[in-house]
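By letter and in written order, the chains are A, B, C and D; residue numbering begins at 1 in each of them.
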Amino acid sequence: MYDEMAQVVENRPLAGRHFLLSLYSPKQARAVRPGQFAMIRLPGRSDVILRRPMSIYDVRSRDLKGGYGLERHGQRPAVLQVLYKVVGRGTRLMAELTPGDRLAVLAPLGHGFFPEEYLAQARDASEVLLVAGGIGIAALLMPARDLARQKIPQRLFFGGRSRHDLVGLSDFKPLVEAITLATEDGSRGYRGYVTAPLAQYLEQRCERRFLILACGPMAMLQVTAGLAERYNHPCLVSMENRMGCALGVCLGCSIRVQGEGHAAYERVCTEGPVFWSNHIVWDP
Amino acid sequence: MAKAKARKLKLEAQDGEGEFTPRIDVEIAGIHFQNPVMTASGTFGYGQEFAHLIDLNRLGAIIVKGISADPLPGNPAPRIYETEAGMLNAIGLQNVGACTFLEEKLPFLRTLKARCIVNVFGYSTEDYVRCIEILNAGEGIDAYELNISCPNTRCGGIVYGSDPKLTEEVVAASKRAARFPLIVKLSPNVTDIGVFARAAEAAGADALSLVNTFVGMAIDIETRRPRISNLTAGLSGPAIKPVALRLVYQATQAVRIPVIGIGGITSAEDALEYLIAGAQAIQVGTANFYSPDTSLRVIDGIRDYCLRHRLHLAQLIGSLKHGVNGAGEH
Amino acid sequence: MAKAKARKLKLEAQDGEGEFTPRIDVEIAGIHFQNPVMTASGTFGYGQEFAHLIDLNRLGAIIVKGISADPLPGNPAPRIYETEAGMLNAIGLQNVGACTFLEEKLPFLRTLKARCIVNVFGYSTEDYVRCIEILNAGEGIDAYELNISCPNTRCGGIVYGSDPKLTEEVVAASKRAARFPLIVKLSPNVTDIGVFARAAEAAGADALSLVNTFVGMAIDIETRRPRISNLTAGLSGPAIKPVALRLVYQATQAVRIPVIGIGGITSAEDALEYLIAGAQAIQVGTANFYSPDTSLRVIDGIRDYCLRHRLHLAQLIGSLKHGVNGAGEH
Amino acid sequence: MYDEMAQVVENRPLAGRHFLLSLYSPKQARAVRPGQFAMIRLPGRSDVILRRPMSIYDVRSRDLKGGYGLERHGQRPAVLQVLYKVVGRGTRLMAELTPGDRLAVLAPLGHGFFPEEYLAQARDASEVLLVAGGIGIAALLMPARDLARQKIPQRLFFGGRSRHDLVGLSDFKPLVEAITLATEDGSRGYRGYVTAPLAQYLEQRCERRFLILACGPMAMLQVTAGLAERYNHPCLVSMENRMGCALGVCLGCSIRVQGEGHAAYERVCTEGPVFWSNHIVWDP
């Protein structure tokens, strides 16, 4: 983890108030592991004081070519990429960033989708299912690339409110066997929540083993965790919570997990954001 | 007045145009601090979390997260929320408990040049005493900070901190039990801070620290539910500074024991306001979350200011002049 | 609970998908307001100053600058200072006095559709009563707002507002003297707002308004003098909103009379938090200084929200649900 | 007075952290009278909430050509100009403004150097003395042009901390007979305060009648007022004070004036900023 001033290389607008922000920060970019996140701060503003947590979507070389794994192409990563959606004051200000602007970035952070912990289950599975809700997609590109490198078949279930939320699809296409889309307004793919086609898929393949990696809104994760439990598949979820520090000290991000007394809570920023879904105590 | 004590620090003769090296060390409750900058409880973990980000040995003191006799799980999520120039928190004093603290956290803290102050919390006077009795075994603890002002627990904390009688009771009992000096941390949510400052002093407090957080609230208008599961929560950060500074000033006017100022400090300028108002030292809280080097910048800034004004810290403390134009208060 | 009263406003049957016109009028202390948005005392002059900037007839009420029986000169400069997301002021209640107000200011206010509430201030109970007796002659005054919470005067205001006995005394005397309904404006600088809310209610207040400003302070570190000639000053603006909201919520829980919420409101969202918390109406203060159309934007925003949620204002007031996840407070 | 959103036309950096900001705002520009000011707000920032008072330096046509009085050249003013110095957070943010940015501007405000009130004295005087301290110069260009148009001889006394503070001289040159400069560091003109050469000038011409128009820091105005009193010259001063609203309602800008009771204070934003110097009660 490093606390750096990183320079904006690009802040590319995408569909539906999404942006792809590229930050030059070689030390951090080299240290990133899949599923980790960054805390981003707009310096000099006392009206947005806390840093904002953002998944690290990808790391790239300075000229933005290549992607995670580019070491294999003889290049070292130097740029952090963050895929974000404008939802409030902090992200609205992020949208105004232009190349050359400097941000305070704390990264890489957290316990992500670390292959050593799920690779055995992934190999046992007939397929890895990536389940993304909205901007949750941002946490899944780097693990998808890990899995693709290991030649493990994977399938992406991706849902959003409308088709404008389905960003980054072209990055996933080369990595996965198939993509199932869902939108609440029916503007693309299934009409409804992404957990509906997921449930159907699992129901029809009761006999098969899957590993599920999921990231998205709490409600989606909870349903996904329920499906994983019902059909008895291992499932990793990347959790969201408000964060004060991401250093493990404010205890603002703690969530309820299996355990009693002091062990009843764990920090999303430190023990997470990725947890085995059956470790979480979901709301009744 | 608290400043009398600080003045006792031997000052080198300092006149003329020669080299001047300001002294910014300070003595509080018999403990010597290399500088007046401390990290506030609950905002700096157990120190170690910041070890790879800043040089902990430069700090005046580290005040650890509130410790209770038994471990506590804390409140359900969400526990924090950002507000204008501040944040609300209702952590609910999640902590590892006194025994685990001694075993797992204190050994690291002991190795530092920064002083180690342990923030103590309980739900009853017996809890406080029991916690202190466990902690008394700890080697390397320099002082206790008695948290009688946490707004995020139903009983305990806030109740003690908003009733002068209970304040006296818990402070007296804790003082009797304590092997190390006792700093009492006051609540800002009171009509007259002087009453509580004097109650703590009378009961034997060696120093005071203030303020803890202000009780606040926020509502999500779309769900019409509170933003924080606990309903009310503690407000901290730059937003509270003017009110915290006033309370610190009033406390220094009310007692003879030293006062440590806390509330919205994000720069050396902020810290200097507290010191000029009469605080012997200050604590950096919320700013640690978003700018971990704040305390170090504050230390450097205080030294630079003292150098520029050719003042030792002890001469600065409580040096507020009255009347805006030098014409006395009108 | 205060919301009982609001519910009495006759609601049109509102179901199905048809046209819906939300009612956002409200009745407080027997007075009908076309909407719940008022401009706070001391931030809107005598109304006329804003006549060329916004349509005053759209406001729920205008509350004029604090009026005393005799004119007052106020404090020496500097009187204001900007802080993080807020400002300090120690105006010292400079005002033209009750007689001049009746002669020069009231005639204009009388012509407006907005209600006219006169904020009353004194240094003693006799002062308050004398001021009210003069003002009783005024045609077009809809209510009094008794300012027992001004932090910027040595005696009077703050003293009444921080002692429940004195609160009862001055409210009872004022109520006896008053020809118009009496709103009592409470100080936030107290340990338990419920005590003061109940004291005012018991003494006959028709409604409460809160909060007045928080006592704060700022120091110029270069001159080592206070930023405000009065030393301490009142903090207002967005910075105080979370604490003010909590106080308003607690006040609504403590009394049956209506409560008017004040503190850091700059948008309809802010106002809605207060209304959901239980305030029957709100006041816009500091925001008038930098954004004179705030009150109108708040009115429009409240109406839009009610329309979107298919709620009348009366259904919204005090509709705070407990528990963040709908699972009850845990 | 209008409350408008004005667009930045230019934000030109000058010496010593001074900037000349040009704002397109025709309605306001047309209404400006000499010595009036504007209140400027950076919208969308809750860390700088109050507006900042700034003298109106000049009004121009849209292409920035011409100056006040340009109506005579057949053009109507459309641009407000503000000459400001970066001193704190608000002005630091103003310095970052670029063309196209929009500001909330309340203008024109206040009781300025209105010719109908001093022209008689100006005609009686052998010379009008303009006395400026630092950024106080910004209030004097428009009155200087008024006087020049009336062919009334004038002389500028202008002081600053260093030569970098002596901005705008070229605008004054065509309007005044002579300019006396002073800097505290001696980098240009007299070394010391500008009130020293002023005192000397007045002392040596005791028999002559002057009208003094002054703007600058409080201490400078107080000394100038003292000199005016000593030599018995009428003197108008443009006062500074912190301002909450500039609408006359907050009473934050009130200063002590001749008068008793309620009349002991007047508002800089409404009764001022320009007062006859003997109306002010100066600090003892």
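The definition used in the following text is that a contact is a pair of C-beta atoms (placed from the backbone, for glycine too) under 8 Å apart; a residue touches a chain by one contact, two chains touch by 3 or more.
Note that the coordinates shown come from a computational prediction; the quantities given were computed from them, not determined experimentally.
Among the remaining chains, those touching chain A as well as chain C are B, D.
Connectivity without chain C: the remaining chains stay one piece (groups of touching chains, all others kept in their positions). A count of C-beta contacts for the chain pairs A-B and B-D puts A-B on top. With centres taken as mean Cα positions, chain D sits 56 Å from chain A. Centre-to-centre spacing of chain C and chain D amounts to 38 Å, using the average Cα coordinate of each chain.
Taking the mean of the C-alpha atoms as each chain's centre, chain B and chain D sit 46 Å apart. Residue positions 76-78, 84-86, 238, 325 of chain B are each in touch with at least two other chains.
Residues of chain D in contact with two or more other chains: 46-47.
In terms of which chains touch, the assembly is arranged so that all chains touch all other chains. Those residues of chain D that touch chain A in the shared complex are 45-47. Chain C contributes residues 42-45, 49-50, 52-53, 65, 71-74, 76-82, 84-87, 89, 91, 94-97, 237-238, 266, 286, 288-293 to its touches with chain D in the complex.
The touching residues of chain D, when paired with chain B in their complex, are 46-47, 283-284.
Within the complex, the chain D residues that touch chain C are 1, 3, 41, 46-51, 104, 241-245, 247-256, 261-265.
Those residues of chain B that touch chain D in the shared complex are 84-85, 325, 327.
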